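Look for subunit A in each of the two complexes below; its partner is subunit B in the first and subunit C in the second.
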Partner chain A sequence: MRLKQFFSIILPWLLFVTCSANTTDTLVVIVHPGNLNQHISQHQLVDLYMGKYAAFPDGTLAKVLDYEQGHPLRTLFLTSLTGRPIGQINAYWSQVKFSGKASFPQAYQSIDAILEEVASTPDAIGYVPASAVTEDVKVVYRFVQ
Partner chain B sequence: MCPHRRSLRTSKWCIVLFNKHSLITRLTLLLSLTTLLFSVIYAKLYYRHVFEEELARANGTVMQIGKTVSATASIAAYLEDKDLATEVVNGLISNDIILSAALVSKDTLLAKSILHSGPGSIQLKLVNPFFLSENIGMIHIAPNTLIIEQNARSIALGGVKTMLVVILPIIILLTTLVYWQVTRPLNNLGKQLAKILPGSAQRLKVDNHASHNEIGRIELGINSLLDKAEALFEQERSLRAEVVELEKRFRLMFEQSSSPTLLVKEEGDILLINDAAKDLLVGMGIDVDERFPENLGLYCKTPDILYTFTENSIKQKQVMQSEFEFLNPLTQSTVWLSIIVLNTLSDGKWYFQVFLADITLRKTMLNQLNKRAQRDSLTGLYNRYGAELMLLDWIDNQCTFSLLLIDLDKFKPINDVYGHNAGDALLKHIACQLSGAMDTTDLVCRWGGDEFLVARLDITQQELTRLAQQLLEAINQPMPFEHREGQTELAVGASIGIAHFPQHAENLKGLVECADVAMYSIKKTSRNNFTFYSE
Partner chain C sequence: MRSKFVMFLSLLWSLSLSVQAGELKVDGFATLDINISNSQTAGIRHVISQPDASYLGEPSFANSSIGLQLDWQSSSQLQLVAQTVLKERKEYKLDYLIQMAFARYTLTPNWQFRIGRTGLDLYMMTEYRDIGFAFNYGHPPTEFYAVVPHQNLDGIDATYTYPLEQSVLTYKVFAGRSNAPIVSDDDFIWDVELESIYGISLSMQTQNWLLRSNYTITRAGNTNEQQGQLLSALQLIPDNIWPTRQALINSLQIKGKRFNYFTVGAMYDDSQWIIQSELAFIDSDSEVLNHLKAGYVSAGAHIGEDTWLLTLSAATSNNRVDPGPLLSSAQLDALYQGVIRHTNFYLIDQQTWSLSWRRDLTSTLAVKIQLDHTQADHLPSAFYLHKDLSSSNYDKYFQSLGLSLNWVF
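Moving on to the complex of A and B:
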């Protein structure tokens, strides 16, 4: 019953949020307000999210946050960031997984969880729709619509 | 066909094939060598072509393989993931046509196969999987040229093999055809030719079906040549027979001729000499191997005349005849030869035929006859003819001489009383007496009947007077004579008339007349005395 109640409340909201995000909002990359990096380039973002580097441009170690596989925001983010279809990116990861050289982003379920984690962790980096940005986080990259 | 014949034929084949000079062997060798040469050239060219093609193909394949792995390789280069790179390299070299490979990120070598050395490899750029314009590394792939070479070689060899499979039967076929169509007929022709005697009736056998090809035409040509040869031989043979016959006759004529004949070269070498000439010359002690006329000149009494005679004959190219006296050294007797030299021109060279004749007998007979004509048969003294010849000779030579004409006194009565025998004997006696009184160089002759005549060259009046007296004494010497009634002595006197030449007369007739006049003046007067002619 509780689960049914939860779904009846959460899912329509999620749908709304997703749809509004897809149609209206652009995604922004956020970090802890205390983070010294004011801006991160697309290339640096690709290197972070594709597991090449696990550090910010200034050299401080980064905790890369991502949504779980299949999340619409992740698909949107990664395709926008790399300009490749999501299938290719998944294939990339499946190849990389075996060697264990790359560092995988940590997967989260929701925007709120990301926001909360970024706000509370100084070296975290994540992405949310621009409309969801709070004062507790700092935007370092904004996708051009 | 019996096995023996078959083996014989096989051996003939072998002889034909292994004789290095035979056409078929040469043709086969030449064809084989040419084929070999072309095969080698073809193999080289084809190999090069195939190798290049294979190399290009291999490079293409390598590129394709490289492209296939380039996505993974890009990831490996992007992440600088050595494990993934090694996996990529191992995957690459598992291909036969790839010898070695290496994966390099921007500045570090991520993975490399053991054999990889660097040069000669194909390079493939790797781009950032997310930023295609960014080069992040390189794959080096070295194609396995050894395998490519091997492939090319086997392909080229295969090509050559295919070619040879086509060409070799053609060569064998060609050789066989040439053997059957050319070599065998030619050998056959050669064998037939070797058996044929030129000039005989033998001919080559010409196959009807082969008569239109080249060999057939050669055979026909040879046969027509043989026809001509036979005709010529026949002609030559009959001519030769004629010549032989003629030669035999001539030889017979020459050899058996009793007339000694020589054929002499212009330089004097004796070419031919018949038996008669040989007998004659050998009998005269003349060397027949010596040159003419020097061999004759050795024993000729007048060699200079002989040489001039032959020289003139050669110079004037005329028939010359002369007689020469020789001394036979074997018998020390005189030999007279008549020599006729006849010049003949043959093949641009001059020869002379020499005809010899032994005329000694004729010459002696003539001499004897001559002598007999000049002698008085009873007394052996010169007769009137002989005396006239001698005196005329003296007169011709302007000799000074005196002539004594002697006429016997009272000879006729002796003839009448004692007969002709007594007369003849007395005449002989007188002749003997006169001869005894005169020198051998003087002339003593029976002038006729009981008349004698003597003459002496270059005599003085005094000597002449003494001679006349001696002659009278000699004549007066009586001759013992036997007749039927007994022995008696016969004696005569003589009237002698003397005349001188050229003092008394210019010719013989006149001189004799002068002597006659003087003699008659004695006859009419004193008798048995002498007197000189006086005008």
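Moving on to the complex of A and C:
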């Protein structure tokens, strides 16, 4: 029972606090500063992050960036975006990925890696805590807390 | 030729990996499933390619599987994907082990093309029926999914995706061929080749709804060896002894026969309530598989980490039963039994009530239990294996219970 408690409560909490102190911030969706799109709707983000349609509102192909599976930011982002628990989201992605319809977004380990990739890739889209945003990226969506 | 093509793609894919291993993504899935049943005559299985089944006192693990998928992102527009699935089979061939091996090219956000061995986009869950974590059922409804063993397509497909304000429309056309085994009693196995497969699939997806329809036409590419022997024997019988002989010969000559599949389906899941249903109609030039109607409807709810589903599934066909020869002899009776075993293989009339429970233990691990209550108005059935079956020993009603642990990684 203690081992189960460790895996179900303590371990995720430790991951949560050690990955970044910024994860309790409002999450924002970021793109390259040169990206012509000024705003992306929640519905368009669902299409992008659930493998339905990988393009920006202006129709250009998007390179979707995400965190690795199990990362607390990924769980927070996807559950906030879809209103579904992470288990249901992973079940849905299993349908999409293992049927070969779409590949899982390119996964990164850290906020800095996402920031760096978005800042250097014109068609990239990612998400980070609001407090981590730099001048090298542009915010196109902000979650309301 | 076809398997060589798939192996060539696999080899090409493997060589590419060694060049840029850094772009490689490896994912997998595993299902550990045990099924028990109280039937003494109908061996419960969930697809007609499974060689093992559960009877009273004889549990089956045939629904267990483990798989690995490799994705290589060659560029922002080109991906190579390969998937292998290990599960219990009658025969183990490299061709069967390779579930998918294809190149996917995204020309624009709207247009996507795939070439190689892809999933067969026939029914809603056909492409991921081996991945237990991906769906809420303990197993896809038997009456609907068991009859088609084919899961992949060697060929090409083109998908056009069009976003609307609150939904995404997808149009897909595909062409190719497919092989899959049918396994039945007395070690019967037939590697069924479907050639000249052409299909169109339309779907609309909103946040909570999925609506889809599919129409696929194909032609049988081979005739089973036993069917060939029966055909040879039937050729020797005069018409005045067996008046329906010619019609039987036409039916048993499967090669070249047309098969049409039409299906519509809908799923609603708002993260609280679930409704899912599909209807299918299979039609062909052969009496062996003709006018098969199948469907299921499920309703349920997500309650915390639990998902409950109540499902009714049914299948019925109206195959004509041949009256047989006008004379009786040991040879003619044996031939008649052999013939109707094949022509009545898909003579199906049954329904099942199912209660399914799923609990997500973690975000990637789920346990599922499903209780099925089946009423079979005709046995033998293509869905099952059989033993000790006779008119006096016939399980019209039986139950089965499946317990599975489902993992993705």
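Simple rule for what comes next: the second predicted complex is superposed on the first by the 120 of 145 C-alpha atoms of A that agree within 3 Å, B and C clash if a C-alpha of one lies under 4 Å from a C-alpha of the other, contacts with A are read in each partner's own complex, and residues count from 1 in each chain.
Just so we're on the same page, a contact is a pair of C-beta atoms (placed from the backbone, for glycine too) under 8 Å apart; a residue touches a chain by one contact, two chains touch by 3 or more.
Computed from a prediction, not measured in an experiment: that's the story for all the values here.
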>> Do subunit B and subunit C fit side by side on subunit A in the superposed arrangement, or is it a clash?
In response: clash
>> Which partner chains sit in contact with A:Q95 here, subunit B, subunit C, both or neither? Use first/second/both/neither.
In response: both
>> After the superposition on A, what does A:F143 contact: first (subunit B), second (subunit C), both or neither?
In response: neither
>> Between subunit C and subunit B, which one touches more residues of subunit A when both complexes sit on the common chain A?
In response: C
> What is the contact status of A:K52 with respect to subunit B (first) and subunit C (second): first, second, both, or neither?
Replying inline: both
> Which one of 42-50, 78-86, 132-140 or 294-302 is the stretch of subunit C that crashes into subunit B?
Replying inline: 294-302
> Hey, what residues of subunit A end up touching subunit B and subunit C alike?
Replying inline: 43, 46, 52, 82-84, 92, 95, 98-99, 101
> How about subunit A: which of its residues touch subunit C in the complex?
Replying inline: 8, 43-44, 46-47, 52-55, 59-63, 69-70, 75, 82-88, 90-92, 94-95, 97-101, 103-104, 106-107, 123
>> For a test of understanding, state which residues of subunit B touch subunit A in their complex under the given definition.
In response: 72, 75, 78-81, 83-84, 129-131
> Which positions of subunit A touch subunit B when the two form their complex?
Replying inline: 43, 46, 50-52, 82-84, 92, 95-96, 98-99, 101-102
>> Under the stated contact criterion, what part of subunit C meets subunit A in this complex?
In response: 25, 27, 29, 67, 69, 71, 73, 76-77, 79, 81, 83, 100, 102, 104, 106, 108-110, 114, 118-119, 121, 127-128, 131, 133-136, 161, 163, 165-166, 168, 205, 207, 269, 271, 302, 305, 360, 362-364, 366, 408
